[in-house]
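Naming follows writing order (A, B, C and D), and every chain is counted from residue 1.
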Amino acid sequence: MSTALTLIEVSPSGEIRGSAKMLLAAATRLGTPVAVLSTTPGDHSEHVKQLGDLGAHHVFIAESTQTDSLLATPAVESLAAAFSHFETSAAVLVTNSVEGREIAGRLAVRIGGGLTIDAIDITLVNDRVVARNSVFGGAFDVESSIHGGPAVITLRQGSIDEEVTAHTPDLITITLSLTSVAAATITSRTEAPTDSGRPDLRGAATVVSGGRGVGSKEDFLLVEQLADALGAAVGASRAAVDAGYITHSLQVGQTGTIVSPQLYIALGISGAIQHLAGMQTAKVIVAVNKDPDAPIFDFTDFGIVGDIFTVIPQTIEALHRFRH
Amino acid sequence: MKIIVLVKQVPDTWGERSLDSATGALDRSAPDNIIDEISDRSLEVALRHKDETGAEVIVLTMGPASAAVALRHCLAMGADSAVHVLDDALAGADVTWTSSVLAAAITHEGFDMVIAGNESTDGRGGVIPAMVAEHLSVPHLTSLSEVHIAVDVVNGSRETDYGTLTVTARLPAIVSVTEQSPDARFPSFKGLLKAKKKPLATLSLSDLSINPETSFGSTGRSTITTVTRRPARTAGIKIVDSGNAGVELAEFLAAGRFV
Amino acid sequence: MPTTQERNAREVFTSAARVWLQENVPARWRENRGSLSEKETDEIRHEWDRQLHRGGFAGLSLPKEFGGQGLSMVEEVIFHDLAAQAQAPDGLARIGRILTAPSLIGHGTDEQLARFLPKILNGDEIWCQGFSEPNAGSDLAGVSCRAVKVDGGYLISGRKTWTSFAKMAHRCLLLAQTDPSAPRHKNLTMFLLDMKQPGVNISPIKQASGLTHFAEVQFDDVFVSDADRVSTEGSGWKVAMTTLMNERGGVEATSRYVEIRSDMDLLLATLGDRPDLRKQLDELDIRVELVHWQVSKAVDLELDSPDFFRATSILKLLWSELWQETSILGLENMTPETSDHWRLQYLETRASSIYSGSNEIQRNIISERVLGLPR
Amino acid sequence: MTLLTTRPGEIGLLAAGAIRSALVKATDQANISSYIEGQSPLAWSDISDAGWDLVGVTEDDESATLRDLVEIAKAWGEITVQLPLLTTIMAKRHSARAAEHDGPVTFSIPTQALAAGTGMVPFGHIAHMHMVADFTSDTSSLVAVQSLTSDIFAPSLRAAHSSHITTFTAEAAREISVVWAAEGSGIAKRAVADAVTYAKQRMQFGKPIGSFQAVKHHLSNAHMDAEQAETAAVWGSLDPTNAHRSAVYSLDLSIRAVELAIQVHGGIGFTWEMGLHFYLRHLITLREMVTGLGDHA
């Protein structure tokens, strides 16, 4: 069986990012899953164990002291090295993020691969990788197959969620030489604040969003409370962002973040087309809104016509009861 | 300094966009085509540098005959000359083809710096600048909200999903800018009259010594196999709160194992 | 945008066409049209096709390599306009020129092009169209005329209706079902059927107006060879679409414009001094001219541009409804001198909102294909 | 009639494109009701600094043709804002004094809605507005608009009534009529596009209403009207003899298209917040003024 490479993202503080689980689960569908780690030299035994638990059969570590100071290129070089090490790789999977897409793009040129961006599902059909994309705000599904070369695919975060069997992986470690590569240098770094302790909006399995109907910045707390009761990420409609209830980085929609969670709960959101475009590939959609004619109700699996300030506290309380 | 700006014409985003179910290509017949706003911003970055230093600004696009209007628009804004890669063989080109053709055209013109938008409003792939950079073996500094260009170096701030980076590279390099970069200037009537006299070159694939069969035959291609209009989501259960809806919601979530 | 050179070329073409028409339109037709027998009428119309070919005016917008003149839709429209002003006859080769030729150029083999196009252009062969069926209505996908595969070809059985020129036609551009089990739009095939064969039975249809422009045609096991199949089996829907897009184009609208213009002139001449009708007449007159400008706007666009389809898709609706309204106004205000004309014209124009794709279907096409509304 | 070309020249295409993209950017696709009664989303200086008010004035043998101006006016109508661009372009095109003036210009037209001796002044309600007193004279100065009352029927036109009435040349009256017809066709096109978007989104009986034939046929008819309104403006720009009557008919068609667009919107269509009535008000006022120009054209 051929291998499927995944690019494991590591935070500057050295932790494996949440996307690793999705990538390795997806790779398992296509071949023998390989975790590729582009990192600075050090002890990686904890990483290796963690990746094995997530289903990796091989862990390929490419080390360089410059990994943290160069933009994207170390990851490209690491994947290219892994690609030539595992001669039969059918696919390379990367998270669909700003950096992930660029790494995938450069790699595709480098190895003569075909590129699919922002896939929401992948399968192997007659030994050929078939990727599914959702375009134009979820109005169309497009399936494409890659032929004539290896498949390089970026996967939308949160789109694949399945358990795979843990392994004790093989370890391959190499040292990269990055002295002559064409790369931009990173001179400083400011990590986005993640002090909420909530999952990232982009990859979250559950998202709770609030809209204009929440009414005020103070009352947005209710949205956060429900999110915390469900271990969910917090999102918002453009109307809520424009009204100043919450920061722009949490806007869900065509001009904000496009999410594809297992569960999406919309509170006080009427459902403008631009918002729907950012969340309608969610598996299950729930909405609570006072207006019985709100367009969002045409898209919900479970809709409640009611006041969020009476309904949601009740829900939170019931959720606590279920837990105990 | 010679700056090449990559521009793109996209459908005006009024109303809904559509895919041709037979070919999977964007159905460009529906709305009017306009220059992508992000292309305008990229050009603005180049023009500001031109205003300061007198750099030469060339706009480059690949697209159907109608894309020439977008180039004229850029010339009216202040670009010095324009290059249009136009070839029937490029209809429906994917990112692999597009990036290698653009790279060939950039090499053909010669450059110190290339500026592009981070992603187009129609494709939203966001990979072309990095792919072109790989073809040209130069660094890419992409998704920049701010750009500073000096004699032989460019630097800027880059927004990512995990925070902000400041990045720098020696020229030649490729830069892509985001929506945060400054608004484009408003084209003027005088500029438009001048634009009519500026050079607009049209290049075919053979002008770039590209033979689609031999040049692209050995690379992987992603081919669309099916396009389906997603069935409109149908409304499921809808209840009116009569005092107990909050509990019903909790039960619904528990039944779906979301708790 | 036309360059100065193109403009000049168009002006040269226009004057050449005007002079040629002046010299070639048969006087007998121009002067005694009302009193000619049916046989004489057909002879003059058939001869007109040959004259057009000799004069270099046949197939104006068809490529030169296929025996056309290699000009554009603009010249095609200009020529129609001038021909109507010069009261030229309408040839019998119309179906061959505007339906068969583009279908073959789009989908035919070299051998088919060589065999059929010259005879279409020189007027030797008259074509008819076999699309509509008694039970299919406006829905072409409902065609049930069968083509059963036999050695070397197919046997055609079924019934076609609303067929113009059926009686005199040598060939029929025929849509038949080759695979009843295939999905809609994939079960049809286009054929080039020889009409002068046993098994082809033609019965004229008498219209509400009393005239017989159309016929019903019954096919009983009529043979058509593999060489006379257009493109592959199952591609008939695609081929028919090429054909119909042409039918709805500017050329048809131009010839209709000229007919409606002459009705409008009659209305203005006989009713122009009626103050109570002034507003109505003025509006109709503007609308007649708008048909012409709409065609001009359309043909001036690139044929494959989205605006072209946007502009042409409304033509059929414009002229057919306008023509009905002018004839109603004529009927309501007729005098003993004009009553024969308006009574006939009123009945004749009842059909105009039904043929060439009923106006209801036309509105569905606009809403789905131009505006993108869901089916 | 010889058929030459019905297409605009390069100036028309590029200017329309530039102005359209500036308007799209400035309004950010907001509903007309969110800005039309307040401040214009685009500043007048953005337009005048870039020289677009002079697009109809001949300089170095180059200027927009009337056909080009039709293209510009159409784009302007697609995204209606409350700025006096079209009146200024036309005033500067037909009056040397107006062309020298540094600022927006308008004119005063008698209409059937007003008492004899009173003229409708589009954008006359804007401060420091000047109007052409007499298009037939090269020496007559501009006059500052002394408004009797503001006319609030069409907020997008910021109109005022004035006791001074402009004298028009036949050519100016004709060209202004055609340009307003073109603007009207842009408005109609926009209203139809909005109604189509609405019909695709609005669900009833479990389906978007745009899948029902009754709604489809309304929208096809509205599309035909908008398309023909544009054709009538193009015709008017190329055929002076018929310019005025085609312009009036063009506005009739645009009005009908907007009426249908309102119908398709159902109940929400006639509410103030939906904003469709602003288009209708604008078009009706244009038709009054174009009819008023009929005595000169």
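Simple rule for what comes next: contacts are C-beta pairs under 8 Å (C-beta built on N, C-alpha and C of every residue); 3 or more make two chains touch, one makes a residue touch a chain.
Composition by chain, UniProt nomenclature: B = Electron transfer flavoprotein subunit beta; C, D = Acyl-CoA dehydrogenase.
All of these numbers come straight from a predicted model, not from anything done at the bench.
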Chain B to chain D, fewest steps along touching chains: 1
Chain with minimal offset from the mean of all protein Cα atoms: B
Chain-chain pair with the highest tally of contacting C-beta pairs: A-B
Euclidean distance of C-alpha centroids - chain A vs chain D, Å: 48
Chain A and chain B, separation of their C-alpha mean positions in angstrom: 23
Distance between chain centroids, defined by C-alpha means - chain B, chain C (Å): 45
Between chain D and chain C, distance of the C-alpha-averaged centres to the nearest whole Å: 39
Residues within chain A bordering two or more other chains: 298
Multi-chain contact residues (two or more partners), chain C: 372
For chain D, residues that touch 2 or more chains besides their own: 10, 196, 200, 203, 207-208
Residues of chain D defined as touching chain B within the complex: 10-11, 13-15, 17-18, 20-22, 24-25, 29, 46-47, 49-52, 54-55, 59-60, 62, 193, 196-197, 200, 203, 206-208
Of chain B, residues touching chain A in the complex: 16-19, 24, 94-96, 99-100, 118, 124-131, 133-135, 137-143, 155, 158-169, 173, 217-230, 232-241, 244-254, 256, 258-259
Footprint of chain D on chain A - complex, ascending: 273, 295, 298
In the complex, chain C residues that touch chain D: 1-2, 7, 10-11, 14, 74, 77-78, 81, 282-283, 286, 289-290, 292-294, 296-297, 300-301, 310-311, 314, 317-318, 360, 362-364, 366-368, 370-375
Of chain B, residues touching chain D in the complex: 12-16, 34-35, 37, 40, 69, 72-73, 76, 183, 186-193, 195-196, 232, 234-235
